[in-house]
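The structure under discussion is supplied below as structure tokens; questions concerning it will follow.
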Amino acid sequence: MLRTEVVRNILSWYEGETPGLKSNLSRLLMHGRLGGTGRMVILPVDQGFEHGPARSFAANPVAYDPHYLYELAIESKVSGYAAPLGLLEQGADTYAGEVPLILKVNSGNSLVSNQDQAITGTVEDAMRLGCVGVGFTIYPGADSSYDMIEELREISHEAKSRGLISVVWSYPRGGKVSKDGETGFDIIAYAAHMAALMGATIIKVKLPTAHVDLDAAKPVYEQNGIATATAADRVRHIMQAAFAGKRLVVFSGGAAKNRQELLDEVQGIRDGGGNGSIIGRNSFQRSKEEAIALLNEVMDIYA
Amino acid sequence: MLRTEVVRNILSWYEGETPGLKSNLSRLLMHGRLGGTGRMVILPVDQGFEHGPARSFAANPVAYDPHYLYELAIESKVSGYAAPLGLLEQGADTYAGEVPLILKVNSGNSLVSNQDQAITGTVEDAMRLGCVGVGFTIYPGADSSYDMIEELREISHEAKSRGLISVVWSYPRGGKVSKDGETGFDIIAYAAHMAALMGATIIKVKLPTAHVDLDAAKPVYEQNGIATATAADRVRHIMQAAFAGKRLVVFSGGAAKNRQELLDEVQGIRDGGGNGSIIGRNSFQRSKEEAIALLNEVMDIYA
Amino acid sequence: MLRTEVVRNILSWYEGETPGLKSNLSRLLMHGRLGGTGRMVILPVDQGFEHGPARSFAANPVAYDPHYLYELAIESKVSGYAAPLGLLEQGADTYAGEVPLILKVNSGNSLVSNQDQAITGTVEDAMRLGCVGVGFTIYPGADSSYDMIEELREISHEAKSRGLISVVWSYPRGGKVSKDGETGFDIIAYAAHMAALMGATIIKVKLPTAHVDLDAAKPVYEQNGIATATAADRVRHIMQAAFAGKRLVVFSGGAAKNRQELLDEVQGIRDGGGNGSIIGRNSFQRSKEEAIALLNEVMDIYA
Amino acid sequence: MLRTEVVRNILSWYEGETPGLKSNLSRLLMHGRLGGTGRMVILPVDQGFEHGPARSFAANPVAYDPHYLYELAIESKVSGYAAPLGLLEQGADTYAGEVPLILKVNSGNSLVSNQDQAITGTVEDAMRLGCVGVGFTIYPGADSSYDMIEELREISHEAKSRGLISVVWSYPRGGKVSKDGETGFDIIAYAAHMAALMGATIIKVKLPTAHVDLDAAKPVYEQNGIATATAADRVRHIMQAAFAGKRLVVFSGGAAKNRQELLDEVQGIRDGGGNGSIIGRNSFQRSKEEAIALLNEVMDIYA
Amino acid sequence: MLRTEVVRNILSWYEGETPGLKSNLSRLLMHGRLGGTGRMVILPVDQGFEHGPARSFAANPVAYDPHYLYELAIESKVSGYAAPLGLLEQGADTYAGEVPLILKVNSGNSLVSNQDQAITGTVEDAMRLGCVGVGFTIYPGADSSYDMIEELREISHEAKSRGLISVVWSYPRGGKVSKDGETGFDIIAYAAHMAALMGATIIKVKLPTAHVDLDAAKPVYEQNGIATATAADRVRHIMQAAFAGKRLVVFSGGAAKNRQELLDEVQGIRDGGGNGSIIGRNSFQRSKEEAIALLNEVMDIYA
């Protein structure tokens, strides 16, 4: 398929980047059912680290096998598959070149109390495994956040210099951020903006609520009449915070929910101008057949 | 335009530096409406990091787009434009060579409580983007201040060795510095002096008040009759602390204020021998037309 | 002996690895009494670090001599011998090539209170001594766990790039893990899964009890009816957590116990599909004759 | 001037060093009014860092200009001039080769509470500026002292390998050292001895009082009848602690005092066999004429 | 003198090491009065760091001069001389090749409260000064112990790769070790064993008392009837913990004591199979004549 006008336009936003990076970004944007639309659905599987294997895979035990996850990503025709080192290694050869891969290079786990993540992969690993890019989580607000930002800086710098894209999971928590604030409207906009300022190629945030968290931000939201009523309104503001929509932003679905709730959210993301969804537990915890059906409904909305 | 006598004289103060650095400093001092006068007005846009996107750009939403900020800097004919990585990348190619760029390589944000900043850019990035130099913030007094000073040392050393200038935001806080002391007369002089001792090419401080903060400093100020009455008096002492005026010092405007307050401040800086202003929110939070008009009034005073 | 089908199949799981690493893994899997069966018994001797020399060797004083430990490993025909630097150096030349060696590169000791280990060997040491791989302990849950994970990442990366296998001792403790949880069913599964995600070639965990430790995990175990009744059931779930059995997992025997208890455990590991045992104090604290007899009974079960 | 016998003898003490280092040490010992005598007077200007600009220079405002400080050092014919990066850079070209320079590579400031210093210069800077050596402060006793000692080790190692001398400001404080102990007789001897053990070329300590600070040291001083009565006695013991006088030790003058007090101290240093003085505030806070007169009186005593 | 059978046998224990390291070890074992016997007496002078100069040298003031210490080591015909950087530098050229040198590369001091040491020398320094090896202290049990162990790992690795031996001062303290435990029987055995596991060439421990410190160790000592009655019994067990006597272990004498006490200790070390003594204050705090006489009595026992 020839590159579409939409994708050509998106690539033009990344004017500071090398042709190598742009061609990896293009690989991702031209792949699968949404290829060429400027929208993406990505399958992420890092819940084994975050919540442990049983909470992640017991509902659909075939998913314990890394090959199953590759096949789900390939057969559902999503845009890409993001996972930690071990999962990508176990299939990288068998399925080489069949789906764009993103190596998640840091990971937290729920045995530890502190708000941090450990580096568990490198840019070199990503290249060895044929990935289009690396994924990295930051926790803006957390005590460890400046360290995480500096780690991101280094990894992102190395990735860029080798033509790999960086996908930044920007998940605020801790510091001045309240529990509700973690999905607060102003906080998510701030999180997306910071990721953009740091040079992220693709930004991943949670879908925000209407809650405005920081006292200093409240009057600004009121006085400027920034709309928060619908999911689409809120997504529109997040895109604005991402360089007036000139950075790709995808939204995460969170815990498994019913089909209609998920599709409603996707409709809101689409209407607000978001670039797509990251859908993990809502896909791999269903049977393959159900998961593919649901992912197709999602992609129908974005297409 | 040929280099003026004023600029030639300023370059002579930087006798320890390479011709490469001097030619980048010259590019900055010879650019725009104030080119050749030895004065500068710089547009800084790092408030998205510091205060979040809505507090920074909602008042003038076109400013969410990085291209707008480049155009504001170019059309207003200010001396240079300083911003973090993402903002400079998004426009570096489109506007290549049209305005001197300063990459701000560390950044704080208001989600975190501690007084520190994270490294978010490198000297290599600055070179890749065609910048004349790098900007770095230190917080003299803060618990993290010695670490920040050592980071500055490394970045400044690398910048110098590649002919890039260093602009040091020297913003005291924490430690023995009281809240009022952050803009105290003695403290700002101390902050400027430390930046000079560390080899800064350009020093950026806040415009000081008449408040003297440190007990050990008070008798010295009284006994030596150091004048503090007017803004010009105070600027004159800061310049003295900057190697008897042989280092370039620019002053920051702070939060948006009315036109006359700003112009009065500028008049004081000018009369006291300061080298110019850094004007952020007072420009990009106004409409482009208003901003350009105001910046021109400012530059008229300095010219 | 030609490589067996079983081993050929196991090697196919490690599709992301180099031929160098696969040939070292093959050396281990084809050695000794269990060569070619896909099962392993490994002799580990790091108790001198963990518990001190007298608690480790006073019961069988000939074991103070490092040569004795080499001979025990060779004469009993176990699959490999794992120990810290000093022990391997004292015999590396005398017994060169007679048994696959694993250099344990980090170690804790019981004089210190905190939950951490120190790096006491390097990949370079392992190569110099002719080892097939390196061993590394992580304590998922401990305050130091993210640091340990990052150290593992670096060492494992270096080992892989030189064709050495990595054996990960994944021993949860601290953080949200209760004392009982250290051998809890869900926790051990989590520990094994994390090691797999980090790219471990061989995973070493403790044999789990039926206790489920994390509140968030309990409903998942109940609702999905994951069997915990017998040792074999529990081992089966651990293997599932290890990429549906596509990573090698060996179980540790712990403190010396009587012959029948040990053999019962081994039977459970075997029936649940585990890949073998690590047997330290139960072998070197017995006389050589008794130890060899017991190890042979164990290997008979696995064969 | 040909090298004198005295200097030739001093150089012989540095038998472990390279000819490069010895020739830089010789440059210092052969320069100025005291050239060839084995005594030195050094002008140090790091008070701007330590106490701020006004407390340092308001008493004699021409001293705000770095060129003034160079000229004071040159015209007074002292042995050398020691200062931080910025001060040396601003004059390094104008006065190249006219006075031996020592780059002070770490600095503290009085806005911060903790007992530490930040690295603000490098050996490479010292070479670029044509210095004979580097200066470094340690605070034996302080929480940060082992870190400072390790930094000194690295910087001193790098300096030596490039033929630069190291001057160690050994200023005990914190830990088991009482406030009085900071200039205590036993503590200063200990500080000088540690600097010697670390390989310092020249040791700088404060002139000690008769106070013995450590309980463990008191009986030793009493039983061995170590004389503490006069300044000369005390200097004699410090020299003993500096490898029986085979390391160069200079003493600091401290806060500005009257002429006679200063000259009495100098007489004591001279009589006790000390190698000279470091005189900062007592010189640059006086008018140039007065300062040169006083420095000459000091040098007359040493000559 | 041709290498003796005893030394030839000792070298055979170090089978993992390079010929370079073995030849340096041989230089040490073949030097002086005890050359060829497999026993050693080493002169260590790091008390200036540990206790300050007056407590170390005031009793015999000629010892302030580093040349005196070289001469004491040479004239008494001990096996080697161990000291920090400054002391070895001041004499390295004058006495080049006259006595095997060991550079002590880390040091603590008694002005600081915490249980740690600072790196004060490097392997490169040791080579530059012609040493046979480096010395390093660890404090097993201390909060800093894992850091010290990792530093030892790096230094020891570098030393080995250049053919230098490592001498490990293994001095337990802090953590679970009681004050009495610092010289406790089980603790010293543990300390010696850990040093052996880390690959030390020579282990230095304190002569243990009969006190068993760790609760977990007590039953082991009782049940296995490990003899603790005499110094010889205790040394025998320490040697056992040092790889069944296949690592060289020397014992330290501690504070100056009377002649007979010292000789009794030496007799015990000898009878228990220890490899010798490190004797500092008991030698350099006596007059040279007395010191040489006493050292000869000691060596007579070992010979």
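To keep things simple, chains are lettered A, B, C, D and E as they appear, and every chain counts its residues starting from 1.
Note that a contact is a pair of C-beta atoms (placed from the backbone, for glycine too) under 8 Å apart; a residue touches a chain by one contact, two chains touch by 3 or more.
Chain by chain, the UniProt names read as follows: A, B, C, D, E = fructose-bisphosphate aldolase.
The shown structure was predicted, so the numbers you read here are calculated from the model rather than taken from an experiment.
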Touching chain A and also chain E, the following chains: C
Given chain B and chain E, the chains that contact each of them: D
Equivalent interface positions on chain C and chain E, same or different at half: different
Intercentroid distance (Cα basis), chain C paired with chain A, Å: 36
Length of the line joining the C-alpha centres of chain B and chain C, rounded to whole Å: 58
Junction residues of chain C - those touching two or more other chains: none
Overall pattern in which the protein chains touch one another (line/ring/star/complete/other): ring
Ring order of chains, beginning at chain D and proceeding to chain E: D, E, C, A, B
Contact set on chain D toward chain B in their complex: 48-49, 51-55, 58-59, 61-62, 64-66, 84-94, 107, 109-114, 116-122, 124-125, 128-129
Chain B-touching residues of chain A, taken from the complex the two chains share: 13, 15-17, 140-143, 145-147, 149-150, 153, 157, 172, 175-177, 186-187, 189-190, 192-194, 196-200, 214, 216-217, 220-221, 224, 226, 237, 240-241, 243-244, 246-247
